[in-house]
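Look at the two complexes coming up: chain A is in both, with chain B in one and chain C in the other.
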Partner chain A sequence: MNEQLTGPVYICRCEDVTLAEVWAALERGVTTMEEIKRLTRCGMGPCQGRTCRQLLARELGRVMGESPGAADMATYRPPVKPVKLGVLAGGE
Partner chain B sequence: MRQSAGVVIIGGGVIGCAIAYYLARKGCRDVVLLERYYLASGATGRCGAGVRQQWGTEINITLARESVRRFERMNEELGYRGDVEFKQKGYLLLAYTSRQVEQFQQNIRLQQRLGVPVRLVGPQEAREIIPILNIHGLLAAAYCPTDGHANPFHVTQAYAEAARRLGAEIHTYTEVTGIRVERGRVTGITTDRGSISTPQVINATGAHGGVIGRMVGLDLPLYPERHQVLVTEPWERLQDPMVISFHHRLYCQQTPHGSFIMGVGDPNEPKTHDQNATWQFLREMAGKITWLLPPLKDIRVVRQWAGSYDMSPDANPILGECGIQGFYTAAGFSGHGFMVAPAVAEMVADAVLTGTAPQPIRHLGWERFSRGDLLVEPSVV
Partner chain C sequence: MLKQTHKFFGSRRQHAAMRGMDIAAAMAAEAMQAGVEVWLEATVLGLYQDGVLLVQQRERVVTVQVARVVIATGAGEKTLAFPNNDLPGIYGAGAVQTMLHLYGVLPGRRVLMVGAGNIGLIVSYQLLQAGVEVIAVLEAMREVGGYLVHASKIRRAGVPLLTRHTVVGALGTRFLTGVVIGRLDDSGGIVPGSERVLEVDVMCLAVGLTPAAELLWQAGCRMAYIPELGGHVPVRDGRMQTTVPGIYVAGDVAGVEEASSAMVEGRMAGLAAAWDMGFQSPQYPHLWAEAETELAALRGGPVGARIRQGLAKLAAVRAREVAAGA
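Presenting the complex of A and B:
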């Protein structure tokens, strides 16, 4: 990640989580994606981390001195994309 | 990791972290907490996040009321740099049968006597409290404005950070593999990262409590039961109180973030640690909630998940020393652990430090099962 970028750098576009907020979480002693997600909401929005989980894994790898592949990816859960409750109820 | 400790807590959910905080605050300087994964990775982080005082037994009402007092000043008391997001937007419990109305009236009399500001309201007033509520078939509702909800991740983190500042050691990704007992007393604990000698162990592992009990030769009556939850995209504010319908076996709240969190109980859920989410849940939940709160039909589900209730035979927790000297349990909350965690944790800490369980948790010892003296709670979802 380029530290020379100016202004806030958004990691999670759904929940407006910035790189600075991710760093702040890491300074609180957490070390994994699962923990960062729960403290910052990174990856909890409508896209469920489709964009940010790769960015977060890369940044976590950089800070922890590990490869991005070492990150504990949050569990994938249904639905695959957001679905209206009315559709699920069979009403539309 | 310390080689020896005054107390070792197993389990980094809200119960374990809150006990660590209270032990440290009350002067115990060598507390160690061990968590197999990360904090709130079990039932705490999967729960519906509600905090209600509307229970049917004096013990549960008291524990919840005392916990609400602690939730109200939690950010300040724990010096938390974030926000535990405790919002007192109330709870509205719906009654659809005359038997439910009678049960509510009986509960309300007890709750009012214990200082909880709850009242019975008619269908019209229920709709004033939640304007999007479909009141078809509704006979009455119980409303308590000081009930609410909080963020389980931040509550757990707040207790953990405060405990650490007071000298407690918290080790995540550390699994307990055994507990040493000599001549009927706890003497130590072994983990996948070394062992610790300690005279006192607290089993705060939720539905895994039975496994930990067997490490000291006890058969604690604790078992998991899957419950499912879903969360929606954030939406404009439509609903202030948590709504519960025992008739539909469902609950639904809108979080400060704007998303809705809801669950529906299934009496046939597996009694295992299966934490898969099912299509059947999604379909049933969607059908029931779009009937009860029709405008939710336009809101999208973004995720569904499952977690384990830690069930006990009477749906109430096992608290206090169990069978072996120095072996304490705080598990079996049966779906209402998060909301009573603050008060229960302080009482369990007192029991460990003084050797005597305070009222009212004295009635929640595991001996009650062999005596046949169960605490039956009529208000479990």
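Presenting the complex of A and C:
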């Protein structure tokens, strides 16, 4: 309807990963969130996927014809938020 | 709670008729009076299966070994994927509340609210109170999800509540200037020709919450996908204990509900953790029964139907796991 609506659809705001990039990965035969994460860095930014995991799970589910719950949620690792190295080094 | 300026419903036991921020202050005072040591500006960065917490407090990081831990990290906002969804002017409802209530800053002049659950309705009303024009409230479902009393306030203010509508895309080059919306058909697609442009400089997304369960995933708690509870939630027993012994949950992280239920679940998780550590007060059965009655009342009626459905699914997952493990 509107030519302006051809703009990017961002899935991961931290790492600037678009829906088109996710689709490109899926076309290469990738089927898991873990692989998409490693290939595109989706979910590897400062927020650690707090926003994009849900969007990615929904998209994976849609493409695979499954529930978003069927997607493998990529491994969660500490720390849950960015920490300065200096703070870690000064730890007990 | 700190950002909630509106008054709560429910019974006096859940601090009804008090403003959210005053409830938070009262509960914090109660905890400190009871001798609870409170660490402010502290974040748990990691939770390990052996009961070790990695904690950052300001410029220091420490590890803490605990016998029991109650995780009550709440929930985070969901968002939507649509063209140009990175334009300045597109906010989550939490950000709009932070701007309004903590910093006294208006997000813009003309707002489109997306989502007619309680958060979308309450924030719409707060925007109106702050003198901001709310053009419309969109809702993908057939019905408004929030309480009727909140929806009525919005309707009385003359704001259209557009059910079965969604965002097609955002317009603008340097910042948001408009939103293309469309009517949804039964298969979740846009009805051809139903698209139209709303000229706004703010789009506020209030499209639901999902448990902030990172720590539970890290610790290896079994999770189940229950859409009625906001997404992946921890599998737990009737005593709020997860599948990792010693890790309990309460509030939105255990399943997204209202703040009133979270307060009751917090009491229950605390009671269960204390009991399991040997603090077996004779008052326990009474306090537990009281909390269960309150929760049942909060989840009763048509308003709680979705939550009850979600909890039934979660109980079924747990029953299957117990059967498989036995």
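In the analysis below, the second predicted complex is superposed on the first by the 85 of 92 C-alpha atoms of A that agree within 3 Å, B and C clash if a C-alpha of one lies under 4 Å from a C-alpha of the other, contacts with A are read in each partner's own complex, and residues count from 1 in each chain.
Everything that follows uses one rule, which is that a residue touches a chain if its C-beta (ideal position, glycine included) is under 8 Å from a C-beta of that chain, and two chains touch if they have at least 3 such contacts.
A quick note: this is a predicted structure, and the numbers were derived from the prediction, not measured.
K.L.:
Sharing chain A, do chain B and chain C clash or fit in the superposition?
P.N.:
On the shared chain A, the partners fit.
K.L.:
So, does A:30 touch the first partner chain B, the second partner chain C, both, or neither?
P.N.:
The first partner, chain B, only.
K.L.:
In the superposed arrangement, does A:9 touch chain B (first), chain C (second), both or neither?
P.N.:
Touch status of A:9: second partner only.
K.L.:
Regarding the shared-chain residue A:45, is it in contact with chain B (first), chain C (second), both, or neither?
P.N.:
first
K.L.:
With chain A at the apex, figure out the C-alpha centre angle toward chain B and chain C and round it to a multiple of 10 degrees.
P.N.:
Result: 140 degrees at the vertex chain A.
K.L.:
Just checking: does A:85 make contact with chain B only, chain C only, both, or neither of them? Give me first, second, both or neither.
P.N.:
The first partner, chain B, only.
K.L.:
If you stack the two complexes on chain A, which partner ends up touching A:67: first (chain B), second (chain C), both, or neither?
P.N.:
second
K.L.:
For A:55, select first, second, both or neither according to whether it touches chain B, chain C, the two together, or no partner.
P.N.:
After superposition on chain A, A:55 lies in contact with chain C alone.
K.L.:
For the overlaid complexes, name the partner, chain B or chain C, with more touching residues on chain A.
P.N.:
The larger set of chain A residues in touch belongs to C.
K.L.:
For A:77, decide between first (touching chain B), second (touching chain C), both and neither.
P.N.:
both
K.L.:
After the two structures are laid over each other on chain A, how near do the C-alpha atoms of chain B and chain C get, in Å?
P.N.:
In the combined three-chain model, chain B comes within 7 Å of chain C at the C-alpha level.
K.L.:
Where on chain A do chain B and chain C both make contact?
P.N.:
48, 75, 77-79, 83, 88, 90-92
K.L.:
Taking the complex as given, what residues does chain C use to touch chain A?
P.N.:
Contacts found on chain C: 43-47, 54, 56, 59-63, 76-86, 168-171, 180, 195, 197, 210, 212, 214-215, 217-218, 223-225, 227, 231-232.
K.L.:
Looking at the complex, which residues from chain B come into contact with chain A?
P.N.:
Per the stated touch rule, the residues are 37-41, 45, 82, 153-154, 157, 161, 164, 232-233, 257, 277, 279, 282-283, 285-287, 289-291, 296-305.
K.L.:
Using the touch rule from the top, collect the residues of chain A that touch chain B in their complex.
P.N.:
28-30, 32, 34-35, 38-39, 41, 44-46, 48, 75, 77-79, 82-86, 88-92
K.L.:
Write out the stretch or stretches of chain A touching chain C in their complex.
P.N.:
Chain A reaches chain C through residues 1-2, 4-11, 13, 19, 48, 50-51, 54-55, 59, 67-70, 73, 75-81, 83, 87-88, 90-92.
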